[in-house]
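Chain lettering (A, B and C) follows the sequence in which the chains are written, and residue indices restart at 1 in each chain.
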């Protein structure tokens, strides 16, 4: 479980997060929604330890990310908004490096690499350098990197962006499998169809606070909208924006 | 020992391996490093050949006008490194324009005047604007001087005068230079070029591994891993310096290979770099390679973008060498103990000494290298702090 | 653990490096930088103590290190005399500067010479004409240092040399010997054949040749000078100066000896000059072609009563630089003892020199009673040997190279036209030496020796004539096995 407790953050005097609090339970997929500038990326970076919170605490599996950064990071798998591949390494070398960085070695390492290769259908790419990979292939390698050490928590920043149909399907399939294995999954997205199909829970952020937190059905109920998109617009931009969008 | 243990953990090894793979597979960086390492001995060889041409033994073309009547002079002038052409009446100026290094003209009635002790004239024409002309003239004077000395001796003997009377004392020139010190001038540029190789050798890869990785966003992923920031910097420094160290060793090795083929001994110059000296140079280059690598990485990390890093580092390439050059020129006594602790200056001094085959104080080399290594450690810690700065990653 | 192993290897490597560093800095500690007159560059010098008690001496060893040491064997120079110091061989060092580019040249002052306890009995710098005075002083000198004088011989010199070779850590060495130095070199070859790579012998004194019988050789050199002079159109005009010389010698005591001018002060010398002085003056002038070229004019002037040129020539030749004690110890024990009066008479008959050279040693050895030292018959040796001779050498004539050296199977002979005693520095000889040292078993192209000529003869008070072409000298070159 990831819990964010009263986290505040300012950038050059501008408050980006204001006493933000939520938790991501195990075995569930949580979607993080928010307009651009709502503080989503900052929030995710605080959870992964790239950015320090000005106030408040973040716990990953009860580990405080500031006081136990290395331990907390071992609990996390992260897929960023860019893949962060090394073009001069092969997929095998790339994944082997991150698995070792996570502390795997020996037969444990081999097993982790083999299983992630099979799960994400990477055989044909395995010994190729990642230069010139398609968007879908890049996403697969990036996801494999996030999963190779079997983290209990997975964070994805707009994972389906630019993916073809097959890759998107594989991603969805994988997320659903991980959920069944008890992994806590947090992903940000703009695609409402995907959110409504995948997520058990939806968090909507606006102006650095969570404005809504619940199952998609609860959100629809609360906003009295027919679909999640309208509901999101209503929550994130307010009623006025929603009406304008309808007109 | 916590630190040492962490130095050798599996994640640390994986980091180093990853950085090494990245750096050594970068064709452009490798090409640049190797090209410089190969170019460098070529440059030195060319320099030495040029020096030899202007210094070493050369056959001078000398024209002798009116020499057919004084065969003894003619014979004397053709001794040694001369190609002597005996010509009848001709214009000295046009002969000098025509590839002659010097023209000797014998005055009319020379032999008669000589026999009658009237000190006849020998005219020596030179072209002062021609570098070889002056040296040709010196050689002519030396050859004529030998004959002159013989004649003076005979004239003194004929009068019953001991030749020693002409030499109230003898001046014995004692050159205290050793073949190694004579060669210092030629070897003094080599340390500079070796240090330059360290800079250029890791230029491309230090930008790629820092500013490049940031731009490709893979740095963010790296920072999310459960490794310490200093470990990340250390991995990069080791990988980046490995390529420049390799380049400098390659340059040194190719120099060692080229040297025996250069006609150094003819110039009275000793090529005495011992294997021990070369190994010491190679070892002493390592701390410097690490220091230069970490400095270049830090600077590249600080810059706004990849392009900006390229501009800043290009300037940095020339800065230290210019500085060393100025120090060299300014005649500051660099042999003092304090300078032995200043990175760059210290290494330059050691290499100069080692290249000519002299030995240096091991204690100072170790002390100086430790100073460099301490700076490396400081820079790595500084780099680690820089990596943790939020602004490093750019927009939120 | 892997990293412990890694650390261990690094530490070990570092220790090796440090010990190498310390070792290499200690290596050159025993040598001091030093200089010799006539050689501008600095040398490495060291002292090696040899002998015990009264014979103890610190041997002076001087090394001109190779400019570029590429592992070629060093060459040792052995000086002549006996009694000359190797440290006086700087002209040879200059001639061999190209050899020095890749070979060290080692000079060792043998015991009793130069910087190795010069044994000169105080007779080094002044010329005394009176043989009686000289032998008196020698007698005192011998009594004063009898043990030292008795111990000096070729065996000792060779043993000392071998000690130096071992001390310097040299493997095989090349030896250059000049004049008496060739004798020492040939003996070294007999006793230490395995320490030797090649021999270069300039003005050879073979082991079985009695080189103190010099009258015939000097006469031949003078006749060669006569021949060369008569073939030179200008020198030929001086007429028959040889007859004038013979007349001078006959009538010397009455004419020249009484009023011979001092070349330094210009005054008449107070003492009568013996005839042997003139004989030895001509002999000595024949050593170098430069001085030999002045003999015809000086003699013909003396013939007409002007002794100044002869006196000038004497002034040119006065300093010998020999350590006379060493000279006598070796000469008396090894040469005078085996030379009979019959042989002396046969040698001096019909020569201008007569016994004038020998009698000094005869006189000297009488007050220098060292025990005879004889050599064994030389055994065959096949080291490459380069013999260098001058056509007009008055002391070790070129034909010595063809006598008593049959036991050498690898010898080549360079004959320098018009050359006197010691020819290493003439013309292309240094170049040929370098080629010989680098490939001792290959044939030498000696054509360049033809270019070596006598310097112009002195023919007038103005010196040499310069405007009439000299005839090219006839050149004889011998090469091949002896």
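Heads up, the rule we're going with is that a residue touches a chain if its C-beta (ideal position, glycine included) is under 8 Å from a C-beta of that chain, and two chains touch if they have at least 3 such contacts.
Note that the coordinates shown come from a computational prediction; the quantities given were computed from them, not determined experimentally.
Engineer: What chains, if any, are shared contacts of chain A and chain B?
Structural biologist: Touching chain A and chain B alike: no chains returned.
Engineer: Which one of the chains is closest to the middle, using the mean of its C-alpha atoms?
Structural biologist: Minimum centroid-to-centroid distance belongs to B.
Engineer: Roughly how far is chain A from chain B, centre to centre by C-alpha average, rounded to an integer in Å?
Structural biologist: One centre to the other, that is 58 Å.
Engineer: For chain B and chain C, what's the span in angstrom between their mean Cα positions?
Structural biologist: Averaging C-alpha atoms per chain gives centres 44 Å apart.
Engineer: Just curious, how far off is chain C from chain A if you go by their C-alpha centres, in Å?
Structural biologist: Distance between chain centres, rounded to whole Å: 98 Å.
Engineer: State the interface residues of chain B toward chain A in the complex, per the touch definition above.
Structural biologist: Answer in residue numbers: 10-11, 13-15, 17-18, 21-22, 25-26, 216-228, 390, 393, 396.
Engineer: Per the contact definition, I'd like the list of chain C residues that touch chain B in the complex.
Structural biologist: On the chain C side, the touching residues are 1-3, 6, 17-18, 20-22, 24-25, 33, 35, 37-38, 40-42, 65, 67-70, 101-102, 261, 263-264, 266, 290, 293-294, 297-298, 301, 307-313, 315-316, 318, 453, 455-456, 458, 460-470.
Engineer: Going by the contact rule at the top, pick out the chain B residues touching chain C in the complex.
Structural biologist: These residues of chain B touch chain C: 4, 7-8, 69-73, 75, 110-111, 114-117, 150-165, 170, 172-179, 260, 264-266, 268-272, 274, 276, 279-280, 283, 359, 362.
Engineer: Could you pull out which chain A residues touch chain B in their complex?
Structural biologist: 11, 16, 41-42, 45, 48-52, 69-71, 73-74, 76, 78, 80, 82-89, 93, 96-98, 100-105, 145
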